[in-house]
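Structures incoming, each one as structure tokens.
Shared between the two complexes below is chain A, which pairs with chain B and chain C, respectively.
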Partner chain A sequence: MAELVTLTIDGAQVQAEKGALLIDVCKARGIEIPAFCYYEGLALQAACRMCLVEVEKMPKLQPGCTLPVAEGMVVKTDTPVIHEARKSMLEFLLANHPLDCPVCDKGGECELQDMTFRYGLGESRFLENKHHVDEQQWSPVVFFDRPRCILCYRCVRICDEGVGVDALGVVQRGVVSAIAPSHGDHLECDECGMCIDICPVGALTSGMYRYKTRPWEMNHVGTICTHCSNGCKTTLGVRGGQVIRANNRDHSGINGEFLCVKGRFGWDFVNSTERAQSPMLRTNGRLEPVSWSRALMTVARKLNEVKQRGGRVGFIASNHTSNEENYYLQKLARQGLRSNNIDHHRTGDVVTLIDALAGRTDALATVADLYAAKASLVIASDLAQQQPLLHFQLRANWRHHRSRTYVVTPGPVRERKFAVKSLHAEPGRELDAVESLRDDLSKEPELVILFGDAIQGDAVRRLVAFGDSLGIPVKYVCLLDYSNSRGAIDMGLAPGLLPGYRPVAEAGLEPGMTIAEMLADASLDVLWVVGANPLRNARLAAENAFVVVNEMFLAETAQRADVIFPAASAYEKEGTVTNVCGEVQSLKKALKVMGAKTDLEIFGLVAAEMGIDLGPFQPGAVFEEIRREVRGYNVSLPVIATGGAAQSVPLNGRVPALTRAELIQSARDTLFTSGTLGRYSKNLTSVLEHPGKLYASGIETP
Partner chain B sequence: MPKINEIIGSAAAIAKGMSVTFREMLNPSITDLYPDAPPLFEERYRGVHVLQRDENGMEKCVACFLCSAACPSECIYIEAAENTDPKRISGGERYASVYNIDYNRCIFCGYCVEACPTDAITHGHGFEIASYNTATLIYRKEQLLAPLPPGAQVPLVVNEEPVGAGH
Partner chain C sequence: MTFSAELEARFAKMMQSYPPGRERSALVPMLLYAQDEIGHVSEALILEVAARLNISRLDVDEVIGYYSMLHKRPLGKYHVQVCTNISCLLAGGEQLLEHAKKSLGIGHKEVTPDGQFSLEEVECMGACCWAPALEINYDFHHFVTPEKLDQLIASLEKVQ
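So, the complex of A and B:
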């Protein structure tokens, strides 16, 4: 327990931790001290002087944002002198402020507006003409309007301290000082938009949201980002059936204020003109739009026919569909068609990790653990590129708690900037390098180990054995690629595993074929591909196979399809997804795109058409079944229903060894790509750093 | 006797009443001859809205959505778009690409006019909007806009001179 001091704030006796900042102590007591430059978690700046308070025995007003509380201090926050000071500060800030609120994209959620309304003077004594500077575009996503800037340096600090990119700085001094981008007239950075969000005024605005609407005109739907596996909460602003912007408006969820470029700007695939909006059926060699009933009937008939003659059906499932959809799909395959040929693109070896940790329930780290752990070890992954939130957490942990990070990677990664030790390890030799860290690691009080796809199979077991031998509490994160990669394996989308990592023998089935085997099987009768693109760089051996595809876009696999069902994206459905740390969170339906149906609906309707009873196909009902049936998924409903994250812990028994060699390989997406989905986001492909432009030309990320 | 009094009383009352009638017959009429002649309005009559233009003919509305936020019957629908140099519609950076008022719902309260920071939306004196088809009561921007001043063209190409007086 830290030392407590007693002070007086506005006549009331208050106890607070010694050294705490006055502004925080007041906030905790419900006393507002207005502030612009102070931002929790960032370095202190004391630039705006909005937070002035009176302290007895101090000659001048003091900034509350940098003043540590001390024993016997007597503070006043609500006196005429302070009111006067606030009015003057605001008048000063507004001296050259354009006050073009009606056309300013921040209008309606602007801190300067709020403060002026609450503490301001109402009129100005400055009658001089205002100095106008034209707006600048720094990147496709970031615009800067200099006269609106109040020089609070929040953007500079979040970019440097928070994101670790340091792409913004201050040029000049005094009244002419201004925020400027890293590369002359433009930004070369992560394009995450954190600076836009943190800017209290409309100085930094988003190129995607630019002049589209106003904050009160949108519906704000808090859902889970559909790109990488980190599971950030993103609030979609929706108006008239269109997504207009995304940010984490209320800073809720496991990511707080964080979002990377994909979560903040990579939503525009939803309203892409290339979306499939009608079912298609191949007639005379060409894909023709048909009605839903015709498409459903065709697929149901084909499946029944193949089932009756004992033919071979394969399912390639998705890394993006919800847990409910995954669960229902494997039910359709296993119960409906007695087929275990079901697989998805595996991007990390969770299965072996879960088996190696059998019997423990506290060995899987959460996203919050990465911010709290005293030490962490990153093996064979470029977190900043592939796991942006996890990187942000580790960085914040180092910034705030001086946590110790160890890095073992084949190439340079951004974590090396703050790591206490970084080792270079050739692919395949990572564990040797880890072994050489034994002395350092065993001195740490606790450890979180994050490992990429280079560690799989036996290497995972050796890693866990290494962790056990350290004699300290160790938690693990098996890194995965996509938004529901974890949910896909948890729900048994694997040829040898039922939901909850149970052996298929329990259901009286033989293990089925993997993706590679399905594609190579010349006698396959039906292949159903759900939200995946396996034919992007592979061939389907079965020339005559009937191919069904659930897709949003007519990418490579869809081109080979006999029937295409237009599918709804994660932003258009209810359900749950599980992030890389096994945290279950709920999706919220933000909009409806004409013509598309959710995958759950498609599976349900096909099953009904086939005459198979698989139970109701509503997300809520299926989730109830998952909570009952799937090991580890008996998570707290209230937590999930209120937008929280509940970790699923499937660690209570051995997992059967998978008998077939499985291909586990990360797709190596960068910060600016997102598999096939990312190709259809113009926002993502428009930034300079998108692979093929800046990124591919060899520019190191800082 | 009482009967006579009653008769005299009634006659006096009629005479008094008719005197008002005859006097008014000689005064000029104040009844509007609408629809035979145009109706007269007080200056501040709140009729069908007019979206104003500035002296160059540019639309005054900058699509700030304040009118639609103020409207108690939620009958103003706006879509905003950005002005570009080749295509300049309004004086600000943004203009209303769609601006509809639904006269099925408008109660002519004038709150929208009150809210507008650029004096773009105003009440005109139009009132003949009755219709057998409610769909025609949704007025579009094109119906609401004031006529172009003589000599102006749309879209306007403006001479971009440095603006000294801020935005």
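So, the complex of A and C:
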């Protein structure tokens, strides 16, 4: 327990931890000390002097943001002298400020506006012309309007300390000091937009959002990013049926304020002109637009016909669809068509991990654990590129708690900047390198191990045995690529596993075909591909197979389709998704795109047309069924319903090993790519850094 | 980029003078000594120093912009720095600066066409007791009058 001191704030006796910052102590007591440069979690700057307070026995006003509280201190935060000081600070800040609030992006959300309204003088004594500098474009996503800048250094610190890129600095001094980008006149960086978001004024603005709207004209919808498996909460700003912004300024969710370039800017695929907006049916060899009812009826009839004659049907499912859609699809396959030919592109070997843990319910780490754990070990992943939020968490843990990170990778990664040990390991030799860390690791009080797709099958078992032998508490994260990769395997989109990792034998079924087997099966009658693109680099052997595709974009697989159902994206539906750490969160529908339907509706309508009763196809009802039926998914409804994350615990014992060889392979997306979605995001493909490269950190230092 | 053997030796010593991991503290002295040798802080020098200290070029730019004695453009062979801060101002520093401008035919931060002289108005150099003061390269000159300044210039012109 930390030592307490007693001090007086505005006449009241207050107890606080010795050394705590006055600004924090005041905040906890509901006393606002206005501040610009102070920012929780970042290094202290004391640059803006907005936070001045009076302290007895100290001759001058003191900045509350850097003043540690001490025994007997007598502080006043609300006196005429302080009011004057605040007025003067604001008067100076506004001396060269353009006051173009009526057109500024930040108008209505601006901290300078709010402070001026609350603490400002209301008039200025400066009559001189304002110093003007033209707006600069630093990258497709970052613009800088220098006269608006109040030099609070927040952007500099978030980029350096938070993101670890250090692409912004301050050049010159005095009245001409200015924020400057890494490469003279432009930025080469992560393009994450964290700097834009943290800017209290409209000095840093985004290429996608600037001069598009007034903030109050948007609807703000809190949902989950659909790009990678980390599951960041994002607030979409929607106006007139278009997404125009994404951020997380309310710091809700597992990611706080963090979003990477994909989450913050990669939403424009939603409104892409290339979106499929009408069902298509192949007629005389050509895909022609048809009505929804015609398309649905055609597929239902085809499936019934094949079912009756005992034909072969396969399903290749998605890494992006919701848990409800996944669950419903496997019901359609298994109950509706008695087929276990259902699979998805697996990017990490969660199944073996869960088997190896054999029922331990406390061995799967959450995103929050990565910020709290005393030590962590990263194996075979370029985290900053492939798992941006997880990297951010590890970095923040190191910054705030001096946590210890170990890295075993085939090439340089950004964690090497703060890791206590980084080892190079050729693919296949990772566990040897891990073994050489045994002495170090066993001295740690606890450990989180994150591992990529290079560790699969038996290697996962050996890794868990290694963890067990350290004699310390160890938790694991099996790294996955896509927004619902985890939900796909949890919901049984696998030929040998039912939802909740129950082997199909429990339902008296034989394991079905894997993706590779389906593609190679020359006698396949129907292949239904949902939100996946298996034909991008593979061939379908069954030349006469009837191919159904649910898709947003007419990529390679859709070109081979007989029926195409235009599908809604994650931003256009309700439901839940499960992130890489098994945390379940809910999607909120932000908009509707003309012509598209959710995959759940499509499955439900086809099932209904086929005359099979699979239960209601409303997300809420299906989620209820999942909570009842899928082991580990009995998660707290209030947590999910209020936008929280609840970890599922799919660990009730062993998963009998899958007998078939199944291909597990990471998509190796970088920070700037995101499968098919990324290809159709102009925002992502427009940045200089696209497409990016894995294991190239360190080479980039300018 | 290569430096003289003396400068290299100096750098090597400097790198040892700071605690491990704090080598970037050598940034300012490195730039100053290299500037003395090369004449100004060139683009190549910025990149070289950044690489040697393992920092970004922006980190170097931040420091150059902050310290007025680091120059990104070549100076004259003789860099005349006239103080106009308070003590010198009271003792005629401003007039001295105006005179220097006229005599040399150049303004603040400018260089004569022959590259012999450059002029800069500077802040207090800690020579207030002997105001007005000026500095030519690293040499101080005290109680300077316009006449004394002209003599100085003339004597340096002869040096070539």
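Convention: the second predicted complex is superposed on the first by the 691 of 702 C-alpha atoms of A that agree within 3 Å, B and C clash if a C-alpha of one lies under 4 Å from a C-alpha of the other, contacts with A are read in each partner's own complex, and residues count from 1 in each chain.
In this text, a residue touches a chain if its C-beta (ideal position, glycine included) is under 8 Å from a C-beta of that chain, and two chains touch if they have at least 3 such contacts.
Please read all numbers here as calculations on a predicted model, not as lab measurements.
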item: When chain B and chain C are modelled together on chain A, clash or fit; value: fit
item: Partner chain in contact with A:100 - chain B first, chain C second, else both or neither; value: first
item: Touched partner set for A:180, first chain B, second chain C, both or neither; value: second
item: First, second, both or neither for A:211, with chain B first and chain C second; value: first
item: Touching partner for A:592 - first (chain B), second (chain C), both, neither; value: neither
item: First, second, both or neither for A:169, with chain B first and chain C second; value: second
item: Chain B versus chain C as contact partner of A:130, first or second or both or neither; value: first
item: For chain A as apex, the angle formed with chain B and chain C - C-alpha centres, to the nearest 10 degrees; value: 80
item: Chain A residues touched - chain C or chain B, whichever exceeds; value: B
item: Minimum distance between Cα atoms of chain B and chain C in the superposition (Å); value: 24
item: Shared chain A surface residues [contacts with chain B and with chain C]; value: none
item: Chain A-facing residues of chain B, complex; value: 62-66, 68-69, 79-82, 92-94, 117-118, 162-167
item: Residue ranges of chain A touching chain B (in the complex, touch as defined); value: 98-103, 107, 129-132, 135, 147, 210-214, 216-217, 240
item: List of chain C residues in touch with chain A within their complex; value: 50, 54, 56-59, 61-62, 65-66
item: List of chain A residues in touch with chain C within their complex; value: 166-173, 177, 180-183, 701-702
